[in-house]
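Quick one: the structure is below, questions incoming.
Going by the order they are written in, the chains are A, B, C and D; count residues from 1 in each one.
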């Protein structure tokens, strides 16, 4: 008797759970069916952009900014009458900072949603996860992000900052000002290792010397031993190429151990994850970073100020407008220019249009596609944070050309298709 | 000079390992539950502290608030969910995984992907020409004091007696009139509160975000694995041993080997002493008493 | 089952100076014990006398702290317990060592498949279940069985491994009179068919009925040994043990 | 052989139904959906591997993700080094063997060392995370095996698909290939669990010490079944690597290590069919949530898992099977299906 009673109770629980799950999935499928229902005739159907950004998980800090930037760009395009007379629509699944999810969603937006271009990805791993899918499906892909450089692929375009832009300029500025002894700490993965290699090459070219180099595994948040090693080496400049929330704990620990005098140089901090706003001063005191854009650029550049204002008007709750947001925005705009020029969204035609060296006067000045490498010619600004984390821009470089791939590796994508990533470590 | 370095290193590693592991160890040791939401409990503590300091609460109070807040949260979670799973160790893995998903995404939805941190309090001190963060040295002593308090709690209070009895033999404790369910609830609350305390203590030294807890998860698991079921003896011993190993490898070969070293030590220890250091010590004690 | 009668001659199992110490406690202290082939031998003694510990050392669950165990003249002191089982040693434990979540058939099969060909396995299982009079429960989940039925099942599992030496730890514990009667007949029947049996029991009526030889343990030591009549006549034994009841 | 006879119960009806459905599925859907389902199927092997060793063998492991990684990386390095497409099936087979071997070695050290229960879970968790930590820092040129760089955190891409002769298995062909592999593995496992070995595994799960006393060399069986699980997980990794042409260290991360445990537990770990079906449902469900870009996706997923464990502790699919048995099949008959691997 007792047994049957318990059984019944179990089944009630089971049925309730099932109903709950069914309800949930019902809402979901209703949502998606309205999303993908707009197939229709190609002529007046909207043009679709697949935006794959991490709206949750480790990388959502930047991912959400980038999604918002894309939404802003598309809204502006649509308000100006759309592209080729058609409206532009965004398909934006959440990739959850998960590489597998990137692969699933890349296939989904290409094959099911039939988008005309895919943009997105923050971590290099997520880019590498989906790049083969782009190439296999002959899909145009914009990686609007800073990264370690070196991707030479017919279908991939990068509109962000790469070592060509950031490291030569940065090292030149800090070595000239502070001296030749350089200590590098970098995240122990592709981006960190490759960037550190660039730092080494550039330092040696400038007559400097690497007095120490250390790689920190991702996810490490305690830096006591690293800090004591740096102190022992007594460098003139500390280059930090740290990545992720955990590793950014370095700065607080660094400042706390009484080292705010030593200048730091980086390519990653402040402009992306606005550490100078999130951490109390003087964590990032005396830090230099080379950027293609950051919110504070609005102080010296009217176009940047206009962009920042537009952004906050549309997304008043956002906390910062960073470098990757601008890159995403400019990326969308460059693609739009190319589509207008090609008169179609056909991938091959758009690539040809992009390879004519299309340019766009964006928030941070003119950005222009370099046809041989599929990267962007950009203005580079040196940003400096003082003890109060106030940002100034002591130096800038006009139209830096990303020519390492073409000069060192002989890549010319206008002549020869390639599908690989070169690294200085090879 | 180098010896001060090494000592400072060790103090740092030791306190980090102990503080990240102790809440997990108590829940695992007493209840046999592997709490995969441990990192998120720590994260919650960091959020409470950071938000409290931002609204003007002094830091020490804010840290205690984190412990209390997460403790209460732990109690609620226990009453709603965990108490239905006593004795079902492996089911609790799934459930706590679910809880951790809800917590980290929930915090992301509510507070966004990051929080403006507060700076590390206290200055730095110089010893033999090198400077060290005072707060971090303080953390070491806090870890020691905390172990002391836990020792007192388990060895000299009624709660401690009952919970040791419950840990030893669940059914016998029951027949002795101990309400084991209540003991489990209190234990879970205590473990959660300690996680909250850890989050509060480290909030001023690290970037606070919904993934804050993930930095603690691996070290805490390794410490508990090496320590074994006894949350007091095991955790402090394993914190000590791992702290030494980590510091030495760190100084000799860098952070990567320090981290890999932790995992390798854990694997070796389980292989040699499946019950961790607790098992070893208990065996020794038994022998000592016996003959 | 048709091994026929074996002459009660050579020792099948010999314990030489075996002891088991837990910390300072000597649960079993310097025991010498010899079981002859074909014997039906009983271990008795008050609680904590070390009876079950001896069984566990014979089966290899515990390793003796001192002393040696011989089986058919072979030193098995350090042998793994599964190897002992494959030599023909089998045990029915005090707390029923059956797989409670599984069916009777599953339990029997787990034991039987190790020791017989799959072609004869199921038929042999049916035979054993019939022999134990639990064939009607073949597909029942073991947890739903009565205590007595679980004990018989465990004896059945032991038999499925075709043992030479069967260790029974309290085979009649918790059984009613009829069940005890049945179990006693069962044990005797097995012994007649050639299985050497060493068993532990507290129920003196049961012991009196079936045991040929009795060893009395007290505080981990061998206290007395002999036929049931000799033991019951021994005043010391009565004092420490029988007198209590 | 009486026990191997197919019994009419909900599990089998649904199992057969599912495979029939999967075989005709490509007739009705878009190429994307076929491709997507191939991905789900490749992950089913991972759940099955855990269901086998945990549900049947009682070994609780977080290590399946590590063997998944070993398989994927081995296949990538082997086939990319050779550069010949016809060698890919050999890469597949060798990869499965290597995964089994690695698991066997780890299992040998654990089980012969007397490690069991939750400690196996903890040690395998350490191994998995070590593998991830190690692989993540292999970006440099010193980390090369043959001509293939390990690629560090970014992983390896451009992994070739499996080719039979000169016939590359892509899209629908890949789908049918992987489906047939699944069918073979599934039937193999169903037969396995009613075999002698399967019974031994179940006995070990139910009571390890007792099983030893019945004459079974328990550590050896545990090592073997763990190796078998490793081989299956490795197969899953290889199929995943060929599906996306990509392998990454995060495949052996903490999340990846936990997911199979969650799927097996929530679906019903003691039942292979249930584990398989739940994997399909979970992947479909979580993907749909993710595709919608809904910020509550992970919250909903977490809540659903908690509800499942609280209200249907045996696993949701297993409970549905039982409900089905009670409604549609004679209950007495249903309890007699013991040998089918469904132990109540």
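Please note the rule applied: a contact is a pair of C-beta atoms (placed from the backbone, for glycine too) under 8 Å apart; a residue touches a chain by one contact, two chains touch by 3 or more.
What you are looking at is a predicted structure, and each value in this text was computed from that prediction instead of being measured.
**Q** Using the contact definition stated above, find the chains touching both chain B and chain C.
**A** The common neighbours are D.
**Q** Taking each chain's centre as the mean of its C-alpha atoms, which one ends up farthest from the centre of chain A?
**A** C
**Q** With contacts counted as C-beta pairs, which pair of chains has the highest total?
**A** That would be the chain pair A-D.
**Q** Between chain A and chain B, what is the gap in Å from one C-alpha centre to the other?
**A** Chain centres of chain A and chain B, defined by C-alpha means, are spaced 35 Å apart.
**Q** When the centre of a chain is set as the mean of its C-alpha atoms, what distance in Å lies between chain B and chain D?
**A** Once rounded, the distance between the two centres reads 33 Å.
**Q** Where the CA atoms of chain A average out and where those of chain C average out, how many Å apart are those spots?
**A** Distance between chain centres, rounded to whole Å: 73 Å.
**Q** Indicate the residues of chain D shared as contacts by at least two other chains.
**A** 133, 137, 295, 297-298, 304, 310
**Q** By the touch rule stated above, which residues of chain B touch at least two different other chains?
**A** In chain B, residues 105, 108, 214, 218, 256, 259 touch at least two other chains, as defined above.
**Q** Name, in rising order, each residue of chain D that touches chain A in their complex.
**A** That would be residues 30-33, 35-36, 39, 133, 136-137, 139-141, 149, 151-155, 157-158, 244-246, 248, 250-251, 255, 285, 287-295, 297-298, 300, 304, 307-308, 310-312, 316, 319-320, 323 of chain D.
**Q** Contact residues on chain D for chain C in the complex?
**A** Within the complex, chain D contacts chain C at residues 2, 196, 199-200, 202-203, 206-207, 209-218, 335-336, 338-339, 343-344.
**Q** Across the complex, what residues on chain B touch chain D?
**A** 32, 34, 36, 81, 84-85, 88-91, 93-95, 97-102, 104-106, 108-109, 214, 217-218, 221-222, 224-225, 256, 259-260, 263-264, 266-267, 270-272, 274
**Q** What part of chain A is in contact with chain D in the complex they form?
**A** Residues in contact with chain D: 10-11, 13-14, 16-18, 20-21, 24-25, 28-29, 31-32, 35, 55-56, 92-96, 98-101, 103-105, 107-108, 110-112, 123-125, 127-129, 131-133, 136, 188-190, 193-194, 215, 217-218, 419-420, 423, 425-426.
**Q** Where on chain B does chain A make contact in their complex?
**A** Its residues touching chain A are 5, 8-9, 12-13, 16, 105, 108, 112-120, 123-124, 126, 130-133, 135-136, 204-207, 209-212, 214-215, 218, 247, 250-251, 254-256, 258-259.
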